[in-house]
Amino acid sequence: MAKITYREALNQAMCQEMERDDRVFLMGEEVAEYNGAYKVSQGMLDKFGPRRVIDTPITELGFAGLGVGAAMAGLRPIIEFMTWNFAVLAADQIVNAAAKMKYMTGGQYDCPMVFRGAGGAAARVSSQHSQAFENWYANIPGLKVVMPSNPADAKGLLAASIRDNDTVIFIENEINYGDIGEVPEGEYIIPLGKADIKRVGKDVTLIAHSRMTGYALLAAEELAKQGIDVEVVDPRTIRPLDEATILASVAKTNRAVVIEEGWRFAGIGAEISARIMEKGFDDLDAPVARVTGKDVPMPYAANLEQYALPSVAEIVEAARVVCNRA
Amino acid sequence: MFYSLVFSISKVALAALLDARHHSPSLNHLGDSMASKKKQQDTAGMTQEGRFYSAERLHAMHDMMLYIRRFEEKAGQMYGLKKIGGFCHLCNGQEAVCVGMDEAAEPTDYMLTSYRDHGHILARGTDGVAVMAELLGREGGVVGGKGGSMHMFDKSKNFAGGNGIVGEQVPIGTGFAFASKYRDDKRVSITIMGDGGVNQGAVYESFNMAALWKLPVVFVIENNQYAMGTSLSRASAETHLYKRGISFKVPGIQVDGMDVLEVERKMTEALEHARSGQGPIIVEMMTYRYRGHSMSDPATYRTRDEVDEWRSGRDPIVRLQKQMVEAGLATEAEFKQKDKDIKKEVVAVAKAAEAQSEPELSKLWDDILTDEIPNAYPYPRQVG
Amino acid sequence: MPIDIFMTQLSPTMTEGKIARWLKKEGDTLESGEVMLEVETDKATMEVEVIDEGVLHKIIAPEGTLVTVGEAIGVIAEEGEEVPADYVPEGAGQEPVLETHGTPAAVEAEPKPSPVPAPREVAGEAPAVDMAAVERAADDKRIKASPLARRLAKQKGINLAAITGTGPRGRIVKADVEKAAKRGINLGGAESFVPREIRPLPAGLMPYHADEYDAIENSMMRKAIARRLTESKQQVPHFYLSVDVEMERLMDLRAQLNEAADGAFKLSVNDFIVKAVSKALVDVPAANASWADSHTYQHKHAHISIAVAIEGGLITPIVRFAEQKSIVDISNEIKELAGKARAGELKPEEYTGGTFSISNLGMYGIKEFQAIVNPPEGAILAVGGTEERVVAENGQAVVKKMMTLSLSCDHRVVDGAVGAEYLNALKKHLECPASVLI
């Protein structure tokens, strides 16, 4: 297996699918001539030409809606948002149009498309550019929400999302773009709705997605030194959620910590905790703990920013608490 | 020009197709009354602004407008009797826009509009019973009772709604045009908005992209003078809405939307412009709705005189009837009889729709996703 | 066919409308789109237009009438049509059609009371919740155990009440249950405190003839006594110590005090014993203790549980802080508590939380007996009757007023030496009774 970056993995997935299916095209700000604001679409204009790799004006609502129409007309758009912060402008098209179209038309029109881009906190860009929105979209029937945590998942999940016949909200992480990992060569598909156990352990389950999966794995190493054997589950698909894998892990470890970069209130952790309570109550030996971003807009100053985000130390501490070792 | 040749040929074919396309029950009775005149009608007709309309075609246009008028009146009545719920926006007065536009369009062209959609989908040829059943929330509704008045869709007629958020359909319609260009299949997207919707930002984002990429889209602005209760001059700094594309180099024309023949002519030109690769064009249809914005609107923001002026002076149905009588293509008695027949037809449509069952409860769970993932939560078709 | 004109709904909330004005008279021709009448709704006066053309044949609802939506207000005749004199409009006198369909038509129905009541405290006193009180309440009543611990305990038949939790805030966690299971001493049915093996036979399987007994239904108290004492006798490792106490001086002192009181109070032997017991607990605090798995709770005060026989059973009201109270106060309190106990008026806080029990059967002529420890207390004192006995003193047989005390101890917290030390301290106070007055 080749070792490539997360961004190259995403690029491979898009190229793989565009070579396979002429209906697939990539549209977004700076995706073509600039080769992508984060270089995810590097070289794609050269490979596929301006018909299929299209630079847009800065007009999120407009090109999101254009994508919806194109999908309804039978194409399979990949609409790139430079970051998900800007997609707030396009929320009407995602929420009111794409998510509802199949239902509202009695099944006549599908919206097979991928909205993708960087989510979560970037580095030192303050409040408007560092936000986790997965819980917004995960709340809405008609959408799927996918978040890869490593290069291999990035490739396999994006390819699956492009092939999926529904609207997929694909949230990448800017900090992860440069991560290097082993990625299968050639066609590689990871089915949606399947969680992955990133580390096997018996004492406590850490459930973390996207960038936080890496944090959870670091915490697991630290905890191992302290004699706590950690299992790390990465849901990968946030909606619909492979809760069976999570519940099976909790049944084994009896303790769970849910970690997310976003805000605590009504976050993904709230939903996962609720499901563990509903379905795994008798397996719990301690209340589920959550480690989340602090309930503040993201500040700019480096120390404040670091404090606002979840840390490995906080995960370690939470795991110790649920293991009754604090 | 090669293309316009293809176009005019297809128009003839279209005329022949009219009966099949406009397969609304209201038109079935026409067969008898017209069979005797069939021979004359092959040549009979009238020419306006250099364009020839056969008698058969004129009758079809008239009948469809009258059918829409009576259908909307019936819908209003049914709403009044609480059989139709929620929001219900009628288009009485705007029938010429619906019919003239569809007359000009190819069946393969896409059409999208906002929530004032009954007239457009009927003009497009969708079965009136399915439209009425949708209004009544019945299983045989065009979208199975999932949408109601605001969400009429008929993919088989390339009619893509029925969109409830003001202006939302404009980027979507632009996307349909993008798909046409992507596939180079010469289909035009007719993207309709109102004089209210035209103030949404999404509209200008769409104008810009459509012009930039020369997308085959006709942006139709149904200017019925009021965005809900706000008159045009109170909502728009530039009230000449056809000029709204100037900054984007999108040409615009203004059309008398109370004249079905002018609508047909100007729309034909506009479609040709878009279809020939010259990019988008704006068509402002000057029209008027006789009823309030929605059923609960007493329309106190306008005077009775204003309504009457449009109604008695410019009514599109009366106008066409007059033209046809003057041209010797029909008599007033004939129109009276048609009206009776169409009314009867509409009553029958309403009865048939009302007789349908409500959707089965299991339908609640249908059509949310295409690729359901059975073993992940939220589980398909399950509460928890 | 005549066409009926109905009162239609002109606003989403409208259920009836008042005919404000007819703009057309009977006999007038009606053209589609013309205003026919005006209707006053709950919101506005609305114009009603002609839909069906013809001649206004009849006005059913004249101006000023209030008409329910769906009822006929007039009849239209088609041009040249003769309407039969007996023609009755469809909607007249009928309920609105909407009732027959499952679809509620209006966006909003008529205003109706909100199903959500207004806040109880509109102004002034804030409905502040004392979280500390909530926690305390929770602490008192319920065994805190993780869901998993509960499940495991149930599976293994372990009584959670017998386990001390080591989790946060004393929560019993999986490890605690597993430890208990390994020790094997806590076996004892999770649902009932009576172990499965010795669970009493069901009523129908008793080896007695039905006509040879009366089946008296066990009261809640009976069941509680059965449960608690079974639990104690099975789980608490008991041992017993006895000592004889010379009562001459105490009896004399009691007589003197009662005489001097002149009816103000009347001290019983038991009052002296309670006071002496509490003083001895101060002397030997190790005897005032409770067992918890990880810790031994050594109590700082003497809360003395006093067994009181009541109808159908017994109860143990508590004299709290007995070590700080005078004998007269104790005496009065016991009288009051015993009275309440017999009347069934004791509050839970008056019979829970004792640290040491006294059971006195002296008045029944019982010489001595062994009581069962009342968990989580560490010991119970069984008091026999005071009687004259022949005892040996300095080689002589003498007759003295004597009493036998028996102490039952939970060996987990009270070892033999501690029990013995305690009994000796108690004996000293009783034999030198002036000390209890200090």
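By letter and in written order, the chains are A, B and C; residue numbering begins at 1 in each of them.
Criterion: a contact is a pair of C-beta atoms (placed from the backbone, for glycine too) under 8 Å apart; a residue touches a chain by one contact, two chains touch by 3 or more.
None of the values given here were measured: they were computed from a predicted structure.
Asks: Classify the inter-chain contact topology: is it line, ring, star, complete, or other?
Replies: Per interface graph, the chains form a complete graph.
Asks: Which chain has its Cα centroid closest to the overall Cα centroid?
Replies: It is chain A that sits nearest the middle.
Asks: Could you tell me between which two chains the number of C-beta pairs in contact is largest?
Replies: Looking at every pair of chains, the most contacts join A-B.
Asks: Centre to centre, by mean C-alpha position, how many angstrom separate subunit A and subunit C?
Replies: About 48 Å, centre to centre.
Asks: Express in whole angstrom the distance between the two chain centres, defined as the mean CA positions of subunit B and subunit C.
Replies: Centre-to-centre distance between subunit B and subunit C: 68 Å.
Asks: CA centre of subunit A versus CA centre of subunit B: separation in Å?
Replies: One centre to the other, that is 41 Å.
Asks: Could you pull out which subunit A residues touch subunit B in their complex?
Replies: Per the stated touch rule, the residues are 25, 51, 54, 56-57, 59, 61-75, 77, 92-93, 96-97, 102-110, 112, 141-142, 144, 164-166, 192-194, 237, 239-244, 275, 278.
Asks: Give the list of subunit B residues in touch with subunit C in this complex.
Replies: Residues in contact with subunit C: 73-74, 76-77, 79-87, 136-137, 290, 295-296, 298, 300, 304, 311, 339, 343, 358.
Asks: Which subunit C residues qualify as touching subunit A in the complex?
Replies: 146-151, 166-168, 171, 173-175
Asks: Write out the stretch or stretches of subunit C touching subunit B in their complex.
Replies: Those residues of subunit C that touch subunit B are 6, 8-12, 32-33, 35, 43-47, 51-53, 69-70, 96-98, 101-107.
Asks: Can you list the subunit B residues touching subunit A in their complex?
Replies: Those in contact with subunit A are residues 110, 112, 141-147, 151, 153-155, 160-165, 168, 170-180, 182-183, 189, 201-202, 205-206, 208-209, 212-213, 366-371, 373, 375-379, 384.
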